Every structure is written in structure tokens, then in C-alpha cells.
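Before I ask anything, let me first share the structure, which is written out below as C-alpha cells.
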Amino acid sequence: MFFASDNSGPVAPQVLEALARANDGYAPGYGSDTLSEQVVERLRALFEAPEAAVYLVPTGTAANVLSLACLCPPYATVFCSPVAHIQEDECNAPEFYTGGAKLTLVGDGDRMRPEALRAAIANEETRGVHGPLRGPVSITQVAERGNVYSLDALRALTDVAREFGLPVHLDGARFSNAAVKLGVTPAEMSWKIGVDICVFGGTKNGLMGVEAVLIFDPAKAAEFELRRKRGALLFSKHRYLAAQMAAYLDGDLWHDLASRANARGDQLVQGLKGMGVAVRTEAHANVVFFEMPRRVHRAVQEAGAVYHLWDDLEGPGDSPALARLVCDWSLSPKAVSDFLDLVGKAL
Amino acid sequence: MFFASDNSGPVAPQVLEALARANDGYAPGYGSDTLSEQVVERLRALFEAPEAAVYLVPTGTAANVLSLACLCPPYATVFCSPVAHIQEDECNAPEFYTGGAKLTLVGDGDRMRPEALRAAIANEETRGVHGPLRGPVSITQVAERGNVYSLDALRALTDVAREFGLPVHLDGARFSNAAVKLGVTPAEMSWKIGVDICVFGGTKNGLMGVEAVLIFDPAKAAEFELRRKRGALLFSKHRYLAAQMAAYLDGDLWHDLASRANARGDQLVQGLKGMGVAVRTEAHANVVFFEMPRRVHRAVQEAGAVYHLWDDLEGPGDSPALARLVCDWSLSPKAVSDFLDLVGKAL
Amino acid sequence: MFFASDNSGPVAPQVLEALARANDGYAPGYGSDTLSEQVVERLRALFEAPEAAVYLVPTGTAANVLSLACLCPPYATVFCSPVAHIQEDECNAPEFYTGGAKLTLVGDGDRMRPEALRAAIANEETRGVHGPLRGPVSITQVAERGNVYSLDALRALTDVAREFGLPVHLDGARFSNAAVKLGVTPAEMSWKIGVDICVFGGTKNGLMGVEAVLIFDPAKAAEFELRRKRGALLFSKHRYLAAQMAAYLDGDLWHDLASRANARGDQLVQGLKGMGVAVRTEAHANVVFFEMPRRVHRAVQEAGAVYHLWDDLEGPGDSPALARLVCDWSLSPKAVSDFLDLVGKAL
Amino acid sequence: MFFASDNSGPVAPQVLEALARANDGYAPGYGSDTLSEQVVERLRALFEAPEAAVYLVPTGTAANVLSLACLCPPYATVFCSPVAHIQEDECNAPEFYTGGAKLTLVGDGDRMRPEALRAAIANEETRGVHGPLRGPVSITQVAERGNVYSLDALRALTDVAREFGLPVHLDGARFSNAAVKLGVTPAEMSWKIGVDICVFGGTKNGLMGVEAVLIFDPAKAAEFELRRKRGALLFSKHRYLAAQMAAYLDGDLWHDLASRANARGDQLVQGLKGMGVAVRTEAHANVVFFEMPRRVHRAVQEAGAVYHLWDDLEGPGDSPALARLVCDWSLSPKAVSDFLDLVGKAL
């Protein structure tokens, strides 16, 4: 009953096998090996973007902040949700990598709304050189409170960005879970709706530590490479990043692993709703926020379930507790049903 | 006959096995798993430094620049060799991570000399606020042209740093090769001779991508952790970094792999000297620079040997070519003897 | 009828006279001249802080961001009002000078409230290394919408900072106007209520371009000096900054000029209230926000009054317009009464 | 007998008069006043560059580092002399403002030579993403050891920059002194020989603290303005910068003041050479380096002459002392002849 994070589960066995296969003799470093070059081509094919610049980096934060650094000069501001990973969970890495840009927070939920985004953008670049320039719009799909934007909702945001001539970054740490949920292709959820730089996450979906960044305007490629190197993020033994990504692409493993995780999310939501529990994630994939009486939380945790409470770690008495449960690819249906049983008993 | 770099060879099989063993069920992220905690303790034991703060990072550049950022404020300067990796091969990452510090280049070889270091330090912090403060001394062991500092030579440098109250960073990307060469313990080559932050490299010696940083003054620990995170260098699935390092420590694999690589370096140097070739590395471990007539170089490369020429990629006619050969742990004695045969024939 | 800004008026004649007096023969540069040294002592005396480190800088932004850079490491966050000058009007200079720190916005008005500040601080440093550390609290006195904090209100904020062990920066671009309004001494409005670094503004109150920074903990002095130099903000001909500040201190010119400006603010507020106009600044000094029908605004501007509308530059029809009027030291009572007459006629 | 620096003398009286004239009533801030706009046009006319973007900043360091920040991305390197002001006297401000670029030092004198520059440039951008990109060439005219480049010498350097497609920055803190020395126009010493951004210094030549930056490619204008603001270097009361520059342009005051300073330099050099003193500045304007026996130095200083020794502040016995004497516009012929008399007696 481990629901703490989708980066706490094991790596898919196919990934370890791919690492072993890649471990054969010598290979040039820094991405110029055959495997790395093949992976670039395969990612271009998957995204139907033959001209895209494609890079592998080891962490989601790296993928986000290198992307933003290429889109946002230091005297501009990034538009994002107040609970975006780049705002809450990257310890000022966006400010660091952009050389001191600002983040302008839009609205108060995990999904930005087009009206709020438009208002936030309109409110910047109104004070001459006294305020920052308008910079990129950063969207997280799956969003931080577990919600999946519909394609229409995404397009509504990218349309606003386009009104103002601003580029769009998609933080796709859970890109696969969202694509599976929506039943769309990677291209449909990225450049076809106006995304300029897309992060195709692997680490939260069964890889050891690899994210792909797809830059649909290849003019940014050289800058990304230089920023990756000076960020200390270029791997010399790059083939082992490539091997993970190759395994991820083989037989659409990315899709298969995300489907499994999402199925556990569905199982969890249906079970909770069936018991009348207030599920707070409206359009879930594999991350579910819900409220339960605090005594239920205590009983369930004592019985061994692992997950995080949100916002109010030390709430009083029996006030409602907001819990976040994350289902990873390796989670068993039994783990979910065991958890649901515990909740049911405690209610 | 692959001598291009010690980061181009395969990973030691024990490392892959350790990754597979670590791939079992759930583990907390970001270094709070059992395996990660054990590795910290084991590194403290290896370095006889029970109080040291110990961190794993994925690249040698990351290890260097995070260390320097903790030792050097943005209005100071780092003292290093003009061919140091931090100067030549990190695309301004030290300047980036320190927030804009400077590098002051000492002397003209790969090994700094104490007199030159003293002169360089004395020449800074002489202009009030107009010039930078004196910052850390950064030493590379094995140095960039393949030379290993003796313990006395290292201590002579750290003594100069101490005269001025400056901290010392040791870039130990090839720390193991140097320790094997000198027949000393990790403690003897680090804090016992005045090193404040030591990089214990793994990537060039059989790991997939892990370096340990040992900070002997634990007061710097919190800053290092925050800088690692905002550098996008903190791995969520940290157990897979730890597993590699655990394998490296098991049965002193680090020592065994470095011994193998150094033995090939010895074989190479002895063979070259036996043929009257001018070996330019005076105190080698596994990296050897030597000069050969350019026609020899051409013949040897055509026959399939892989390595880099240095400085003069396109030299004229039959001028001497300076070659760098790097022996990794997996290099076979036969590969070296084949290479020597080729040189012998071509001479 | 010029109310656009208190940095648009002329320099007090005493300042020009002081510049002329200072322009006599040679003087050492960079603040080591006699006049500069005297001014430091006189500012220490005025603030009853004989140990304080004291520096002159040419702009208010410089005073703020150098102060914040000394108080906030790059992996921390500054707490401030969402309309603070450092957030809205410095084009990311705080992010630049701190090396990439964040600004956390507190509440929704120009004056922060202690409960909102406590909540904002409590909400940071809760996510380990994933979020930034808690950094300094930055308070603006006079606040951006023209309100003057009472001493009690200031102390309530600094008390919250102290609860968490955080330092306090006071943006005192209009420090003199506030001190006059409250009838308190500089010491009473700074270190005696828990301010760690105080900006004593001159530029908006009759100087040509000088702000003093008082650092009550002199341990920060060296860092401030180095950061000022590398910010390109150290004047070689420093005596001309010192001369301005000397004139400002002579006969308490700072107090006299601020009293004049505040008197015009009083005149304006009383006149507007007498006509039933909705004054939005509750505790004004020399800056007054008020609402008027848009047709009144148009009539008044056409008649030659100069000031800025706020937030809604292009409001529709006859919706209320929010106007900011700033009274500088040189403003005549007649200019104010002329303005009031215009409003009265147009209403 | 004050020869310590040309920023230690008084401001030209015309400058104070201009400040007084400008101090009349209200004026819009931040450079949008009439006087500021006129000065821009007049500087364009002086430089025969009607399209140039022109900005005023308060310090020479500001002028240099804002220029470099517009020309050099953070992953590139600036080429300059090892004794350039940007390397030795700006406390890492270039590294700060560029976001962490590097400075590559060319040759070992104050004037760079084209061959050394070509070699230095050729040596960068040879290591893929591992080393920095080639960035701008920065030339100082008058150079730091007092030498004036001839137009041919400047053009030889800008030609090398052009070979590699690199932009050129001219640090003209003593631009006027050089132009007077060479008898050339500002245009002839800037864009006509390939300078892209030129600093036209005022502070060392009789102004209180103003430098003009001329950007001959106006596409860089917006970036410069934003960087100036976020560097805390934009003056609200900009008319007082403009008034200084206006006085500087009236009747070619810049030329007149520089002529006076240069005449004192000539007087000094001729006097020294007449006594057989070893003058080390080959092509002087108003800065002269020369060697004298240390006992002479001691005697002259005791008699009241003020200047700096270079490099060896505390030399032994009667070893030669290298002195730097700087003549400012206000220096009297008698002060120079008094100094020469002292040297003559002491020899």
C-alpha cells in the first residue's frame, strides 16, 4: 500500500534489460553514440516532429528549467499555476537557470483558466522597463493536484499565449498518464495544440531517471545544449540514458506503464466514491486527492498505508484531512483494494 | 584499441547487478532510502571521516561546481590550473553555480606549483573592493595532462592555501587511479593533507554516472543540499545512484578497477619508452600523453586505434603530434600490445 | 499642478550649494574622502547607531536589492507585499542581485498584516530542499498605495519575523515622509523596532540621486561593499554623493522637505474629502490615492494637471478612475488648491 | 601635486552650472525629459550615428558590464587584456551582469596584439559544448598602462573580431583623451573602424558621474534598457545625468578638458625623459607609467606628491619603483613642474 509518489516504485524490468544490453564495449560519450542518436530519431517519430531538437536529461527539474531558460530572458516573467512544480518544488531552480527571471502566479488552482491567464499576462509589461517583460506560459499536464487538462482546455491556454506572442512550455512529468487518459497521441498533446517545448517524462513512469525534452523550434537547439552542459547536466556515459528511453519506446512501454498506473487511479477513485468519500481531483489519471476524517487517516496509516497529507500535516482533532495518493506502474490491484478496505472499515 | 576516454568504456558488471538488486519494491525518494543512508556511512568509513557530509551527484562537473559554490562567494576567485577541467571543460558551469565568481589561472602546466600558487593568491585581494576576494584553491588529482601529484606536492599546495586561510577543493574525477598509483588511503589523500571538499569519482572508473562529494566540514552540508536541488541535480530515485556507489565500495571495487586501468597505463608507458617514444606525462596513472611523428599517428589511426590528438588537431606535414591515450578499467592487455605493435611498425 | 511623482521635482537649492562647496580641489575616490567619512558618522548619529555600517548608493532600487542580497541567499525567498516596489517596479533586480531568490507575496494590499505574514512564512520551508528557505521580510514605509504603517503595525510585522528568526529590510524610499507623519525619530522607526537594514531615501525628497543604507549589524558590511562594487554602483567621485547627503542632514533638511510635502498631502486629502471624494489612502503622508468619476479625470487632465491613473489606464465610460497624486517638497499650496478647484468644478 | 587618479579632481565648473540650469521645475523621470532626449540626439550627431541607441549611466563599470551583457551570452567568453579594467577592477561585475560568462585573457600587456587575439579566439570554441562560445572582444582605449592604440592598431583588432564574426566593445573611460591624442573624431575611433558598442566616458574627464553608451546596432536597445533597470542603474532624476552630458558637449568641453589633461601628460613625459627617467608608457595621453629609484619615490612622496606605485607596493631597498601618474583636466602646469623639480633633486 505504497502511494507516496510515482518516483518511489521500482524501475520496469525492461529498462534494466536495456541497460545490460547497452553495456557492451566502447561507445563515444556525450550523446554521440549510436543508441543516443537512434533515440532522438525515435522520439521525433513518436512526436511526428522530424525537425524537433530532442535532448535527454536526468531529472524533471532539469527538463523544466533548461526549457524555461531557453524561453525566458532574465528580465521577463514565467506564467504558471501557484502550485506548479516549478514554483513549489524546484527550490528556485527556474530563477537560477533563467538568470533571475520571475514567476507570475495565475489563479489559485492546479489548472490555469484562460481568463485568469489573460488577465495575468495583460497585467505585466505595462510599466515600461520597471516591470519584467512577458515571458513563457508554463503548463503542467497532469497538473499538480492530479487533474488532467482536456485538449480543449490546453488549447484555450495556448491560444491566450499566442494572442500575446508568448511561447509555451509543457511540464510533462506525467505526460504519458495524461495522454493515456485522454486517448491522444503525443503530437496531439504538444505541438499540434501550440506547445513550443514539451517535456516527455520517464522518471515517474518506470524509468530510472530520464526525461526527454522536445524543442519544436530547432533554432533553440544550440542554446539548450550549452545550457545543459553548464548546468552540469550533460552525461558523459549518455548511452545509459538513451538505453532507458529506448526501452520506454519499445512496444510503447511508456503507454503500457501509464495505462497500468491510471487503471489503479480509476480503481481508487471508484472505490472512494462508492464509499461516499469526497474526491477532490476532478479529472484524475494516476494521482488522486481526497478528503477523509482525520481518524480514518490515522487508522489507515497505522495499518501500513503510505501516502502524504497535504497542506495541514498536523491538523486538529477530527477535521478533514486532504490526502494525496499516487499510483505508480507497479502498484497491484490488491494494494488498492486493501487500501479501500481499510478506509471502509475506518469510516 | 579504444583509448579515447575512460568514460567511454562499459560499466562494471557488479554495478549492473547492484542496480538489479536495488530494484525491489518501493523506496523513499531523494536519498532517504536505506541504501542511500548506508552508502553515506560507508563512504565516511572509507574516508575515516565520521562527521563528513556526503552527497552523490550524477556528473563530475556537478560535483565540482556544487563544491565550489559552497566555498566561493560570487565576489571571489578560484585558483586553478589553466588546463583544469573547471576552466576548460565545464562551459562556464563554475561561473554559473558560484553566481559569477572568477577563475584565476595558476602557472602553465597541469600541476600547479606552490610558488606560482602563492604568487597568484598574493596578487589578488590587493585592490580593495575593486578586485575579487581570494577564494578556494582547486586541485585536480590525477591532473589533466595525466600527472599524479605526490602527497608532498599536494601538501605543499594546501599549505599555501592555509597560509592565506583559503579552503581547498580536490577534483577527484580520477581519485581512485591516483590513490592506487600512490599507494595511499582516501583519507591520506584528502582531509589528512588539508583538503576541505573532496570529489571521489566513479563515472570514469566503471560506474554509470555517480560521483561522491565529501565535505569534511559538515557546516556546509545544508547549503550543498539546497544548491544541489536548485541545480536540478537531486535524483528522486536516489537508490540507483546509491546502488552504483555501494557496488563500487563492495570489496574495494573502486581500487580493483583503478588498478586494472593503471596497469594498462604502465604497460603503455613502458612499451612506448622502450621504442624511444617521447612520453610527456611524467607521473602517469591511466592517462598518457606522448609525442609521435604525425605519419605514425596517421598509420595507427587508420589501423583502428581510437584516441585524441591534443591542441593541434590539424598539424602540418610530419610535425610531432601530441596524443592522449586513456586506459579504462575494461581495457585488455592485448589492446595495449596491439597498439604498441602498430606504433612500432609505423616508426 | 504636477503630481506625477516625487522624483520629478527639482533638487533642493541647498543640495546644489553643497555640490558646489564640495567641488574644491582633489579628494580621494570611492568614499575615502573626508566628506564621505563625515556623512557616515552623521548618519550613525542621526540613527543613534554608532556601530552601524552606512553606505550611499545612487538609486532606491540599488539600496533595496543590495540590502536583500546581503540578507537572502539564492535558495531562499523574500516576503513582501504584492505591490511592493521590489516586486512591481525593479524589473527583477531583486532576483538578479540575490542570484535567483524568489519573492513570496503576502496578502493583497500595500500594508502587510501580521497574520498574513505569519501564514506566508509558515507555508515556506515546509518541503525540505524542494522549496526555498525562508528569507528576509521586506517592508515598505511609506507603503506603495500611500499608507504609513504605525510604529505598532511595523513592530507587529518585525515580531513575526523574529518568531521565525528572519531579518527585516525596510524600503524607506519615503522614510522621511513617514517619520514626519508619525512624529518619530529615525531610530524609533528602524532598529528600535527590529529593522536590520534600513534604507533612508533622499532621491524622492529633494536630493539628486542618493539613498543611504544603514546596516545595524556591521558584520554584513564587507559583503555589502563587495556587492555594491560588482553591481557597478560604487561611485568613484563619491564626494558628490556625500555632499548631497550632508546637505540633507544640515539643519534636518530631510525633515523640513518631508514636512512640506506632507503638508501638501494633508491639504489635498482634506480638500478631496470636503468634496465627498473617496480617498483610498487611509493613512497618507505625501502620496494620495483616490477615486473620481472618469469624466472628472478627463476634465482635470485637460486643464493641465499631471498625475497617473492606476491599474485601469483605459477604463470604459464614466467608471470610477483610481488616481495617484504625489506631492513633492517643492509643490506650492496654490498648485494643490488649483487642482482642488478643478475637481470641484468638474464634479 | 595630485596624480592619483583622474577621478579625484573637481568637476568642471560648466557642469555645476548646467546642473543648476536643469534644476527648474518639474521634469518627467527616467530619461523622458526634454534635456535627456536632446542629449541623445546630440551624441548621435557627435558620433555621426543617427540610428544609434544612446544611454547614460553613472559609472564606467556600469557602462562596460551592461554593454558586455548585451553582447555575451552566459555560455560564452569575453576576450580582453589581462590588465583590462573589466578583469582587474570591477570585482567580477562582468561575470555578474553576463550571468556567468568567462573572461579570456589575451597576451600580457595593456594593448592586445592581433596575433595574440587571433590565437586566443582560435583556441576557444574548439571543444564543442565543453568550452564556452567565443564572445565579444573588449578593447580599452586609453589602455590601462596609459598607452593609446593607433587607429590602425584598433582596426587590426576589430578585423580579427570580424574574421570570427564577433562583436567589439570599446571601454572608452578615457575616450576623449585618446581622441585628442590621435586627432580623430569620435566616429573615426568607433563605428568607422568596427566598434559595435562604445563607451564615451565623462567621469574621468570632468563630469560628476556620467558615461554615455553608444550602441551602433539599435536592435540591442531594448535589452540594454531592461538590463540597466534590473542592474539598479536607471536614474529617476535622469535630467541631472543629461545636464552633465549636455555641458560636456557644449563647445566641445570634452575635447577641451581632455586636451588640458593630455598637455600635462606631455609635460610630464618630456620632463622625465629629459632627466633620463625610464618612461614605460610608449604612447601616452594623460596617464604615465615610469620607473624611478625607490629612494627617489620616497623623497618625492614625503614632499607631498600623491600617486600610486604599481604591482610592488612594498619593494625592497632601492629597487626600481614603477609609478603611475594620472593628469586630470584641472592639473596646473606648475604642479607638474613642481613634481619634476622634486624628482630632479632626488635623483
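Per-chain numbering from 1; labels A, B, C and D assigned in written order.
We take it that contacts are C-beta pairs under 8 Å (C-beta built on N, C-alpha and C of every residue); 3 or more make two chains touch, one makes a residue touch a chain.
Since the structure is predicted, the reported quantities are computational estimates derived from the model, not experimental observations.
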item	value
Chain hops separating chain D from chain A, counting only touching neighbours	1
Of all other chains, the one whose Cα centre sits farthest from chain C	B
Cα-superposition angle relating the copies chain D and chain B, to nearest 5°	180
Interchain centroid distance [CA atoms averaged], chain B/chain D, Å	42
Between chain C and chain B, distance of the C-alpha-averaged centres to the nearest whole Å	51
Between chain C and chain D, centroid-to-centroid distance (C-alpha), Å	34
Of all residues in chain C, the ones touching two or more other chains	74-75, 90-92, 96, 99-100, 129-130, 226, 229-230, 234
Residue ranges of chain D in contact with chain B within the complex	74-77, 88-92, 95-96, 98-103, 105, 126-127, 129-132, 313
Residue ranges of chain A in contact with chain D within the complex	30, 73-75, 99-100, 128-130, 133, 223, 225-230, 234
Partner chain A, residues of chain B touching it in the complex	2, 4-5, 7-11, 13, 16, 19-20, 23-29, 57-62, 64-66, 90-93, 96-97, 203-204, 208-209, 226, 229-237, 240, 306
